[in-house]
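Heads up, the next two complexes both have chain A, just with different partners, chain B and then chain C.
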Partner chain A sequence: MFLTLPSILEKWPCQWSSGASGRRASPSFNAGEAVTALELLQRERECGSITTFSSQLDHALKGGLPVGKVTEICGAPGVGKTHLCLQLSVDIQIPRSFGGLEAQVIFMDTEGSFVLQRVVDIAAAVVRHFSLLAVDGEQKDTMQTFNMESILSNIFLVRCHDYVELQAELLLLPDFLRDKPRVRLLVIDSVAFPFRQHLDDLSQRTRLLQGLAQQVISMATRHNIAVVITNQMTTRLQDSQSHLVPALGEIWGHASTTRIILQWEGSQQVAAIVKSPCCIDTAIQYQITSEGFRDANQPEITLTNRR
Partner chain B sequence: MSLPAVDVQRLTGLAHPEVHQLLTAAAHACRRHAPLSGEAVCESGLRLGVSCPVLDGLLRGGLPVGGITELSGQSGAGKTQLALQISLSVQYPVEHGGLGGGALYICTEDSFPIRRLQQMISEQANLRSEVPSSLIRGLRFSDHVYIEHAADLDSLQVCLSRRAPVLLAAGLVRLIVVDSVAALFRSEFQAEDWMERNKQLLTFSSMLHQLSQEFTTPVLCINQVNEDAMIEKNKQPLSSSVTPALGLAWANQVLVRLMIRRLQKTVSRGDQSSALRQLEVVFAPHLARSKCEVAVWREGVRGVAAFE
Partner chain C sequence: MVGLQEGMCPGLDGGLLRSLLAADVKTVEDLVSSDLEEVAQKCSVSYKALYAIRRVLLAQHTAFPVSGADLYDELLSSTAIISTGNPSLDKLLDSGLYTGEVTELSGGPGSGKSQVCFGVAVHVSHQLKQRVIYIDTTGGLTASRLLEMLQSETSDRDEQMEALQRIHVFRLFDAYSLRDRLSTLRSGGLLQASGGGSVKAVIVDSVSAVISPLLGGKQNEGMSLMIQAALALKTMAKDFGVAVLVTNHVTRGGRGEVQPGLGASWSHIPRSRILLERTDRAPSGCSSTLRSATLIKSSRQPCLIKEELDLQWWSRSERRSSGKRKRDEADS
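Let's turn to the complex of A and B:
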């Protein structure tokens, strides 16, 4: 694909990021190739990000979930990890005319918690939201094709029953990504579930997890996709007091670029960004409604406490 | 697949590209099917109804067929009543909300309330007035509830690993009820043995998961509750002061968590009266948090519709 300089300048960055043509034109990361920081910054801008539909969380994450990075979402059962994943799977498909990425998603479900009914709810809410927003002709045209069927057909689902199947799927994933270049989001929900059962040998578990972490990180950078991994929480005893910490141990904590912990504080649901290279540690409130992941009702209360 | 790539290379003595080929071949062998698109997902939304339109509405059709559903509540809240009712409703054909199979009912606490079951069977025509009565008469309910008593963990293990697969494979059973999980794990372990307890819990729940997935069978586990004496942070707010027992290790394994509790009020209907109870969805992947009021009548558990 050859372009003249003016036409390159005309192109909007996010148009570069999605679709095969954009990928081919932009130089891919090659091992051993040195790049300057400026180039890297430009590439990161081109990657774009996925909105979470919670303006506070988007703001805290500087625009949304970063593409090309690994994000880990931890939380106790029932706090909304799967909901956030489903919301992201729908949000990545937002048409480009609305500033979205218009991409596809592969969802690896290890717990059996992918429920189509719920996706349909969230997708319906998103479609409704954007059909109200559509003003100019181009946006109205895209709304013709941005509907329930197209959203569902852009979600690829894999059900992994144990860690062996999960490993196998990840090994085959590069081939899949080659066939489906529009896939820009990989969700693994959850990584803890298969690894916490059937694996008695802790050192083997650590090594396997480490290998898995390397695999997803290389996938995220090489294919320029966002990776979202959910993790469970576990209790750790410290000074004869119990604390809730993310499962799978200390070493696994290095796998992700960004780590978000979802938790209950009193009657509020709070998302805390505890590890991130670009955002300060913040905690924001959110809620899970029947339409999906949203801001809490009182947006003026923003907690900022360092952890 | 259970070894890191480096180990495979060392064990087989193959070069890197060959190892990659080997792993790819192994991965293809492990894979059940290629990634499906959302439209093609044949999940079909199969649910097991609970024989009450109000409760089915609350649960959007009923219990999901793949995974563990937990029902917790204080003693006398009506957990066993609902479990009995579901083990009858599973026997209806699919178009009437059942799965056309029997139920395996594993008791760990008490002896099986057989008289109550008989009473519920005889009242089925009242409960399911929408189902043709000829169909109800044709179903032999008590023949299809398989009751097991497991007084300790070992016998539970034997039951789940030997007898349950046989019944499931023969198609006789499409529902597993464990009443209750808490009793065994609470009595056999002391507070200091929580590591061992968690390990056993994981073994137990992974067995249930396996059975549930292999035979697309719902699993209903009844759980007791803890008095919420300790003030713990980061806990999900519940509308009552109790939390389900067995802690986080168990909660991580549960797909749908329901709680039932007794309210102070009573409702009456004709010559019967019943304490009002509240069934609450604490979490579920397909539901928002919601609750509804239920009452236990002679024929079974029914939701109290809002207008009553």
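Let's turn to the complex of A and C:
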């Protein structure tokens, strides 16, 4: 397509972008069209959700992590953010005959925290769990193919070293998603690490992050994938008291649809839902075992006053 | 400056528009101020047709003085106050959202802006049986939550589905598509988008999510986009008599005080602004559905009045609508 300069000047940038992305967009979603809330409801029901293997967290999230939405997981080092991401990367592959999504995952690792050995452990536990559950013939058949090798081959790992690489990768992602239509989960672990270094201008960082947020949100909606972003914590001084709050500033907090904060409370690990359009704010206990992310042993739900 | 568009007035069809654009006549201003004879020659159209178009355009785009008395009559006949469904919010807004005005909700993450938007959408579509246009820029609209709110309003499944069908959702994720969508809605698309029914509320959740990434830095494109979107919202509110509800994020000022985002230019756009915050003192046990709402700009009420707001209000279990339902039955 050749155009002269005046006709280019007459076009708005969005016409370009819609022209360029129109071919890529998946047929299920057309950006400019109005849908009624009823159609949206049906779409949401078709999408399903990803189980976390913690029944309490699943219950609090009304069935698991929503597909087509952006979820942010915040927490201090070592509290289990990456672990939950790894667990989700395996869980999304649960075969359809067991009520799973049987999909693939892209894992964007910025911290170098993707430890293959842990994935193997988690995957082994999941395979064991479902081979015990398999009763009818169909389920036994799927267990033939649902094994360690298939699980590992359905995880695509991207290692990004700084924020430029992360942004470049996100720009290329729509093409990747077109080639691999079975991808239903995008994990960015973590967004805080690349953006907390090499960026001196804070207002520029905020703008970059907001742009990234919009990009990720539109990808989640257009391609109907679940996006999980992890974030670090930082301290804020308020009334001469220090609070642990999610990093990257307050405006970044608007990026995610659901926000989960993982934290230690005494010797207990607690996951708190602090922002969600559909669930009330709750806190549940969990633990990290050698098999992965699980409920805490004592199933009492503690409601804590967090703020 | 209004760009020339096809179908703006009778006689201005696609062919003429293209030849006008080729003759470098792009806006209404260009056409009105140009030498018509010259343009007629250039575009090889009749002078008469162009003259007629110019007269229509002048009539459409000229401001005429209106007397206060007429304005008051119009106000009485055309303004409606749309209840948000929540008594404390209604109290802050002097009984609800006014049609023809832009109302803004601002607040930090998890302060309940989207919940209020959902509540208003459900209330308008279910109780008032009016159509709602919901522009979602953050992907936060969750239809299952809307359904949940409706389920606490009525147990009739058909009614729930009807109410959901009256909510029309646009999901736009950048400022250009927001601006374009708003201008098509303004120039008549509002009626088309809703399938012919009357729209009483337009909700944009959130304006800041798409606009603030473009603000700041050395470009001022973001500023111009913001003002164009704002203008579209304001004229749409006036021309179609709809209530516009927008959400905004918050920033912290120099002394750590919370203020709505998007800067000073935007602050003139909404007629009423409400700041939502989490309440600090929360009784243990049920920590977090209470929010404090502060009125920070209003032309009717004294500013800085505070109200406590329960986000659970829209999905509370005990029903007061049994009386209301009886009244509905009596009406029908």
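In this section, the second predicted complex is superposed on the first by the 274 of 307 C-alpha atoms of A that agree within 3 Å, B and C clash if a C-alpha of one lies under 4 Å from a C-alpha of the other, contacts with A are read in each partner's own complex, and residues count from 1 in each chain.
Throughout what follows, a residue touches a chain if its C-beta (ideal position, glycine included) is under 8 Å from a C-beta of that chain, and two chains touch if they have at least 3 such contacts.
Model, not experiment: these values are computed from the prediction.
Steric overlap between chain B and chain C is absent once the structures are superposed on chain A; the two fit side by side. When both complexes are overlaid on chain A, the residue A:Ile151 reaches chain B alone and has no touch with chain C. Touch criterion met: A:Lys275 reaches chain C, while chain B stays clear of it. Residue contacts after overlaying the shared chain place A:Gly211 against chain B and chain C alike.
By the touch criterion stated above, A:Ala103 is placed in contact with neither chain B nor chain C.
By the document's definition of touching, neither partner reaches A:Ala226: not chain B, not chain C.
Once the two complexes are overlaid on the shared chain, A:Gly253 sits against chain C while remaining clear of chain B. Closest approach of chain B to chain C, taken over C-alpha atoms in the A-based superposition, is 7 Å. The interface of chain A with chain B overlaps its interface with chain C at residues 204, 207, 210-211. By the touch rule above, chain A contacts chain C in their complex via residues 10, 12-14, 17-18, 29, 31-38, 40-41, 43-45, 62, 66, 68-70, 203-204, 207, 210-211, 213-215, 217-218, 220-221, 238, 250-251, 253-255, 257, 259, 274-275, 277-278, 280-281, 303-307. Remark: chain A residues 76-79, 82, 106, 111-119, 149, 151-159, 161, 163-165, 167-169, 171-172, 176, 192-193, 196-198, 204, 207-208, 210-211, 232-235, 242, 244, 263-267, 288-290 touch chain B in the complex. For chain B in complex with chain A, the touching residues are 1-2, 4-5, 23-24, 26-28, 30-32, 34-39, 41, 43, 45, 60, 64, 66-67, 202-203, 205-206, 209, 213, 232-237, 247-249, 251-252, 254-255, 257, 282-283, 285-286, 288-289.
Within the complex formed with chain A, the residues of chain C that make contact are 21, 26, 108-110, 114-115, 118, 121, 133-134, 137-148, 161, 164-174, 176-177, 179-181, 193, 206, 208-210, 212-217, 249-252, 256, 261, 278, 280, 282, 284-289, 312.
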